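Mind having a look at this structure? Questions to follow.
Chain lettering (A, B, C, D, E, F, G and H) follows the sequence in which the chains are written, and residue indices restart at 1 in each chain.
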Amino acid sequence: MSVFLKNILYKIQNNEISIEDAVKEIDKMYYYNLEYAVLDTNRQFRKGFPEVVFCQGKQKDHILSILRKLIELSDNNILATRANSDIYKTVVQEIPDAEFNPIANTIIIRKRKPMGIGNILVISAGTADLPVAEEAAVTAEIMGNNVSKLYDMGVAGLHRLLAQSKKLLEANVIIAVAGMDGALPSVVAGLVSNPVIAVPTSIGYGANFSGLSALLTMLNSCSPGIGVVNIDNGFGAGYLASTINHLATS
Amino acid sequence: MSVFLKNILYKIQNNEISIEDAVKEIDKMYYYNLEYAVLDTNRQFRKGFPEVVFCQGKQKDHILSILRKLIELSDNNILATRANSDIYKTVVQEIPDAEFNPIANTIIIRKRKPMGIGNILVISAGTADLPVAEEAAVTAEIMGNNVSKLYDMGVAGLHRLLAQSKKLLEANVIIAVAGMDGALPSVVAGLVSNPVIAVPTSIGYGANFSGLSALLTMLNSCSPGIGVVNIDNGFGAGYLASTINHLATS
Amino acid sequence: MSVFLKNILYKIQNNEISIEDAVKEIDKMYYYNLEYAVLDTNRQFRKGFPEVVFCQGKQKDHILSILRKLIELSDNNILATRANSDIYKTVVQEIPDAEFNPIANTIIIRKRKPMGIGNILVISAGTADLPVAEEAAVTAEIMGNNVSKLYDMGVAGLHRLLAQSKKLLEANVIIAVAGMDGALPSVVAGLVSNPVIAVPTSIGYGANFSGLSALLTMLNSCSPGIGVVNIDNGFGAGYLASTINHLATS
Amino acid sequence: MSVFLKNILYKIQNNEISIEDAVKEIDKMYYYNLEYAVLDTNRQFRKGFPEVVFCQGKQKDHILSILRKLIELSDNNILATRANSDIYKTVVQEIPDAEFNPIANTIIIRKRKPMGIGNILVISAGTADLPVAEEAAVTAEIMGNNVSKLYDMGVAGLHRLLAQSKKLLEANVIIAVAGMDGALPSVVAGLVSNPVIAVPTSIGYGANFSGLSALLTMLNSCSPGIGVVNIDNGFGAGYLASTINHLATS
Amino acid sequence: MSVFLKNILYKIQNNEISIEDAVKEIDKMYYYNLEYAVLDTNRQFRKGFPEVVFCQGKQKDHILSILRKLIELSDNNILATRANSDIYKTVVQEIPDAEFNPIANTIIIRKRKPMGIGNILVISAGTADLPVAEEAAVTAEIMGNNVSKLYDMGVAGLHRLLAQSKKLLEANVIIAVAGMDGALPSVVAGLVSNPVIAVPTSIGYGANFSGLSALLTMLNSCSPGIGVVNIDNGFGAGYLASTINHLATS
Amino acid sequence: MSVFLKNILYKIQNNEISIEDAVKEIDKMYYYNLEYAVLDTNRQFRKGFPEVVFCQGKQKDHILSILRKLIELSDNNILATRANSDIYKTVVQEIPDAEFNPIANTIIIRKRKPMGIGNILVISAGTADLPVAEEAAVTAEIMGNNVSKLYDMGVAGLHRLLAQSKKLLEANVIIAVAGMDGALPSVVAGLVSNPVIAVPTSIGYGANFSGLSALLTMLNSCSPGIGVVNIDNGFGAGYLASTINHLATS
Amino acid sequence: MSVFLKNILYKIQNNEISIEDAVKEIDKMYYYNLEYAVLDTNRQFRKGFPEVVFCQGKQKDHILSILRKLIELSDNNILATRANSDIYKTVVQEIPDAEFNPIANTIIIRKRKPMGIGNILVISAGTADLPVAEEAAVTAEIMGNNVSKLYDMGVAGLHRLLAQSKKLLEANVIIAVAGMDGALPSVVAGLVSNPVIAVPTSIGYGANFSGLSALLTMLNSCSPGIGVVNIDNGFGAGYLASTINHLATS
Amino acid sequence: MSVFLKNILYKIQNNEISIEDAVKEIDKMYYYNLEYAVLDTNRQFRKGFPEVVFCQGKQKDHILSILRKLIELSDNNILATRANSDIYKTVVQEIPDAEFNPIANTIIIRKRKPMGIGNILVISAGTADLPVAEEAAVTAEIMGNNVSKLYDMGVAGLHRLLAQSKKLLEANVIIAVAGMDGALPSVVAGLVSNPVIAVPTSIGYGANFSGLSALLTMLNSCSPGIGVVNIDNGFGAGYLASTINHLATS
């Protein structure tokens, strides 16, 4: 944000812009009204990271315009979630720096060098949980955190998890992703003293009721120290982990 | 049942009973019609154990009459579940042999010497799950099985469970009782090759929705080899374990 | 597993492998880390049957690699569930022994001669329940059990079931599969003394709520001796039946 | 109703009442406005039976006044459901003919001789279903039907039911009452050609979810010819059975 | 059924069949075992109408074989529900008499002349409820009942319904079909004394939860005399109405 | 509010209060911080009516203090909902003007003369819905509206409602209160052009699921022009009706 | 409607029509019976706006015929909701004046000049809520109201909403549309004194359960003055807002 | 824990204890087996805080024994939740240092001086949420954190919250407690960059479904940076906040 502001102030100093126009420009740092969306351009200031674009249910041209405006008004990295290869094709034609992760279904535009502070561990119960786990990992990484991963660590074969105790203990925050019985976060939180973020996934069938089983398991965990996010909400977990990890390393 | 039948046949032999009356008596081995209940007196023959009395919602005098008739018509042990001390007081006045378990809320009348075959292990996640775990244990024991117990083995402190691996491996059947996150059966079934019966309990609050959380967890377990019974259904688990254990030892 | 281990030990004896490399190989018997999955290669040892591949939501090349590695590291039969003809085409090109069951949607690779111990009976209420019933049958068969079948035995025409009493009484374990009202297991368990595994299916419409009606019926059965598995979980039923049947015949 | 009307017309003939007052009285045959309730006095005419008083949640003095007014304005029997002994004490002091059924929780006032037409059979799965079954039986009987009863006929001991086939086949309508798995109506409707009214009860615990399990089973029955009423709604079943039985015998 | 039986008996008389073969043929009147289905050929005898084929989830060749066998073994009309034009094409090639109703999605084969007894009225709340209403009408008609129809009679424009009072009062049974608020059966049952069968449909969106709203409304109707069937179960309503109408006219 | 403000300004004019103290007093018009509650004293200004006290779950002394402070800081009427006679006894000792309505469970303190603008009609389906209907009526009346009432107008006896058409058409807003099938608002909204506020109640049993049935019915009404409030929320309905009626008469 | 009636009366005056035919024509003002639908042609008279066509689940030719008949019989604007471009193509060929809104999925035919009375504000939480918000806006506009809009005003960036306070305060009615957490109506209703109509949308995923989360939030709002409509029911909100706005400006 | 260990080691040094007995004592640092409970005495080591006693459903003498043993084996503070004054009376007789908080229903025994690190803010929406908010505050305080509180900050009067922006921004972690619409955490998380822990409460009635409404709102928040705990789980929120705050200040 500061880059954007400094540029305006320099222009005033150099008489390249009138005071009236400068005020209009600075107003954009509050919110920016597109026809179909009102960008919360102030969010970087309040929350430390610019508005993230939730692509699901948005038109491709709208996504493109929003991304462009965010790039213009922010000097931080940009993240779009729930994208697909079709959206990406439209975006990359105009924003060649945009990167697509086909498992996480994310688009990112890097405007800052990777900081890589602290240590967030993403752990998943099964291979089918990968899209959610990767969304969490991409989110945390683009927000400037070191991210390590341990996948397919379900409690049906507990020795796989116990063999990784060291990695569990080293993490500032652990994001535990699981569908079906959703038991992984309970076991993980029983082993560590740092916060655990539990992400239920919709993986499974029948009485998993699209993730309800894992969600309820996690909300009722007998291990304390767990915060739960929405079903399949890898983004929310990565974001929350980042706020905690930044606190821990500041 | 055979005792009841033999007595009638002896009476015929000794001319103590007419053929007509003998037929009436033998008919009682099929079903016996009280005014308010039709005893399935044939159940011992079909299922290997006489009808079990579910006390909840029945009047005390009805329970007493049913127990008396079962004692008369069966030579196996008798079990009544979901009783209370009030019901027991009524019962024990007329049936002095009746024993009450105030945690399991069961009444039993022993007509056979303990057989103690095989090995059923009842394991519970928390102290509050005791009534359900004890109902399972009493049921399995009265049906002629050896029963051992491990209580308060929740996955929040996994080392307590792992320290008991030997007992887990020795059991023919394991009954795993848990409320809240209901994660215990998944972990147990990951460690053993014998069948695990999972019993969800209503212990917990809020989004446990009176046991729904534990029930769904168990139905969606990522560990194979688990059969689930109704919430708080210790009796059903003990009964099913007994059928399996009897198969295993026959 | 022993075949794999013996081969390594022979190689050491014959100086065909260094101690360091032998240790690495033996480590594979604990777990084996692919990039996207961590095979629980120890499961055959703990549970008596190797890890089963749940194909739903996995990429075809991942399924193929996992199957190959399981074949390499195990000397038991291999089972993959929730496959389809598309996956099978990819698999069979590289693993010509793979067999596909298009009703059960299973892929199997036989490494052991059929043992055919004991007697598991799979019984279904309707013709539409076939895919679930067949998944149960394939699972039990590949795990070394004798399996017999009775389909379309719904309680709307009870005489069809009663005519098969002999088969019901001969089975060590009965797997009763039903959708809609899910009443079949209650009736079956009322007739036999051996354990019954109830499998609710999602067959039906409207207030069946994708199998919830059958699931609740089975959990609340008035006949004791029933263990319930997840909706449409033929695999889980076949697996549990196998653990019980193996106990019964050992 | 006709008695009430005739009395007014006689009074006009005898000049005991003015035309204005007679109109006011006849208006009462349409509806009658008490302060807290508007009696549908026209219901006897439209539906063939006067309004039934649902006592739950009503004040005792209101119930009494409503009953008195119904007695005054109707020449048919009067029924109040969901009453209790406390309400009855208040009622019987002023209406000595009132009869209380402490199992069905009904109050009746007989104004017609029992007609006893046709044949309605009430059948219940368990002893605990009695209050609902009795409410159905009392309702059908007071509406002028012959009612016979078979209690404790649950499918766990199917021979009890099959032994009563003759009674099942003789009934014009069968009311099948069941809690827990609610499987009884499916089995009954498979045996007869006449209509079956299924009444789920809230009997059970855990995943019966206060009668939901039995309700869903009955709605999803694989046997055709079943109509379902609300959980614990014995009154509704008795009423519907009466409309059918009256049709059958008219 | 009698036609089938008589033919066999004639053959015996004429020595066209051995006693052994005759027994085998007569056995088919009990049940007939196809590979994938066990036809309840006894149902015509018990229930007065042969087994109805539920096409959903069945293979086309199976449906065809079942229909052929039913035609062979029954002398009553044949009904298949939840069919489609694709299934019909397969069927009609071999069974040219088969008729398809593209709104009701039914296939019928007429073997008896229309009896047209009594009077069943099918009434629907909206135009979108037509497929369910038509399934009810076709079912009732093929079972030998007179059927009349009133569609688009929703309570938002009550005068449309009140204008048809005469038709409501003339019917032996009314089938009231409604989605969304499901209020129609309550209003209809308030106007008539004969039984009303309520059919909730899944028509609507949002908090109709695929028909749950209409189902609950109908189960909780404040008008007595209503029996409810499953969501979208036009067949079940038509069948139940037929059993009642046959009673009324016998 | 203005009375409170004027008093302070007069005191300044008369030098009865320092500027510092006046500021502190005026601050109370924004919000007022009690230890256990923060009164939104600004609400009268924003919403036109002061904060309403929801008594459920609050301690009696807290309720008393809150009421006193509201009386001090507001010149409008004061309303407390979900009270009981016990709370009222505590309140009336210190606030003798407080009035209790034992059906609506409301406490009111009148500080303004009744305005009685416009015309709000409260209509209920049954006698048992009275507490909710009365809460709506009391709320609307204390907020300055004319309120008329029609109780026990359920759709089972439609003629009772149709006889009141004139009253329905005269109302600016109709509050329609119903439990069980909740069909009343659909029928009412089909007859009038003004807005209808639908209030589901928890009256009923079984599959009414504590008011869910009526709630879903009302949300899915086929009649347009309906706004729904929470189950049993008479207060919310009265408040919303008041905002509409005030608009209509301003 | 009056135009239609006047034309008939003129024809009588001019002897262009017989009295018999005139009566038939005037009868159409009550209801009009198409084969598949019964148009409530009286609705304009009772409700002030003609029947609105709900296209979902209707055949294209039926929709076309219904629209034509409504155009013939009404002199008000015509609205069809839940249409699509395919339906529109069929309609516009025969009704060239028909206009399609591809976001709101509405078809309108204008027969009156825009009145534009009062002031209804439609406010949405996110860009993805647009289809529902637009359906509300189109409905309110075609019913003769001034409509203004504020989109993407979610509570995550509250300053966007607070910056629009003036617009909030100027509206007679506010329609607040939100998915996910559904918090917007609570915040809006806390700021204004006029009625707020809350529209939950199905936007979101996981534990939003297709709009249930937003629906429950809105029903439980801590701000009074809110009426809720069905999930995604923009039409219902626009209609209700219109009835209120018309009251306010009459 | 170290105090306990040191004492044993000193005793060995001083020959006050045999090696065998010392091993037994040190074993208690792993887990300690009471008859009815297995204390996870190792938890202080793994999680940084000893096991917390959940009193609900436990017998008073069991709670007392568990507390005594925890006091003996730990040198950290001790916490018991979901207690009541009755339990406290039993406890305080033997443990005079025990302190009871009658709003939070907690018992604490302080063994360490308050550390008061960092800054956790507990904020509640309403006065009725106090018990849950206080449970969170007590938990965080006893675990060594500075805790500040802001109660009755519901979004219906947003200015109360905005006036406290400074306190919001100063907190390392915010615990936001709300029932009914549960909107508070969404608004709070929109204003700050640090993590927010959302606690839904069961406060409300009707369609709040015992806290489900608030739970779903919080899981679907449009503001990122939120972790959710179980309904009414103040303890879980306080514990999670403590782990985050300790990370932030370490």
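In the analysis below, a contact is a pair of C-beta atoms (placed from the backbone, for glycine too) under 8 Å apart; a residue touches a chain by one contact, two chains touch by 3 or more.
Computed from a prediction, not measured in an experiment: that's the story for all the values here.
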{"item": "Chain F against chain D, contact positions shared by both copies (same if over half, else different)", "value": "different"}
{"item": "Interchain centroid distance [CA atoms averaged], chain A/chain B, Å", "value": "51"}
{"item": "Inter-chain centre distance, chain C versus chain E - centres from mean C-alpha coordinates, in Å", "value": "38"}
{"item": "Length of the line joining the C-alpha centres of chain A and chain H, rounded to whole Å", "value": "28"}
{"item": "Distance between the centres, which are taken as Cα means, of chain E and chain B, whole angstrom", "value": "44"}
{"item": "Chain H: positions in contact with at least two other chains", "value": "126, 156-157, 190-191, 206-208, 212, 215, 219-220, 224, 230-231"}
{"item": "Touching pairs among all chains present in the structure", "value": "A-B, A-C, A-G, A-H, B-C, B-D, B-H, C-D, C-E, D-E, D-F, E-F, E-G, F-G, F-H, G-H"}
{"item": "Parts of chain F lying in touch with chain E, wherever the complex brings them together", "value": "125-126, 154-158, 180-183, 186-187, 189-191, 204, 206-209, 212-214, 216-224"}
{"item": "Residue numbers on chain E that touch chain G, as the complex places them", "value": "126-128, 130, 151-153, 156-157, 159-160, 163, 203, 205-208"}
{"item": "Contacting residues of chain H [partner chain B, same complex]", "value": "30-31, 36-38, 40, 42-43, 51, 54, 56-58, 62, 200, 202, 210-212, 215, 230-233"}
{"item": "Chain C partner contacts - residues on chain B that touch it in the complex", "value": "46-48, 52, 172-173, 190-195, 197, 215, 219-220, 224-231, 235-236, 239-240, 243-244, 247-248, 250"}
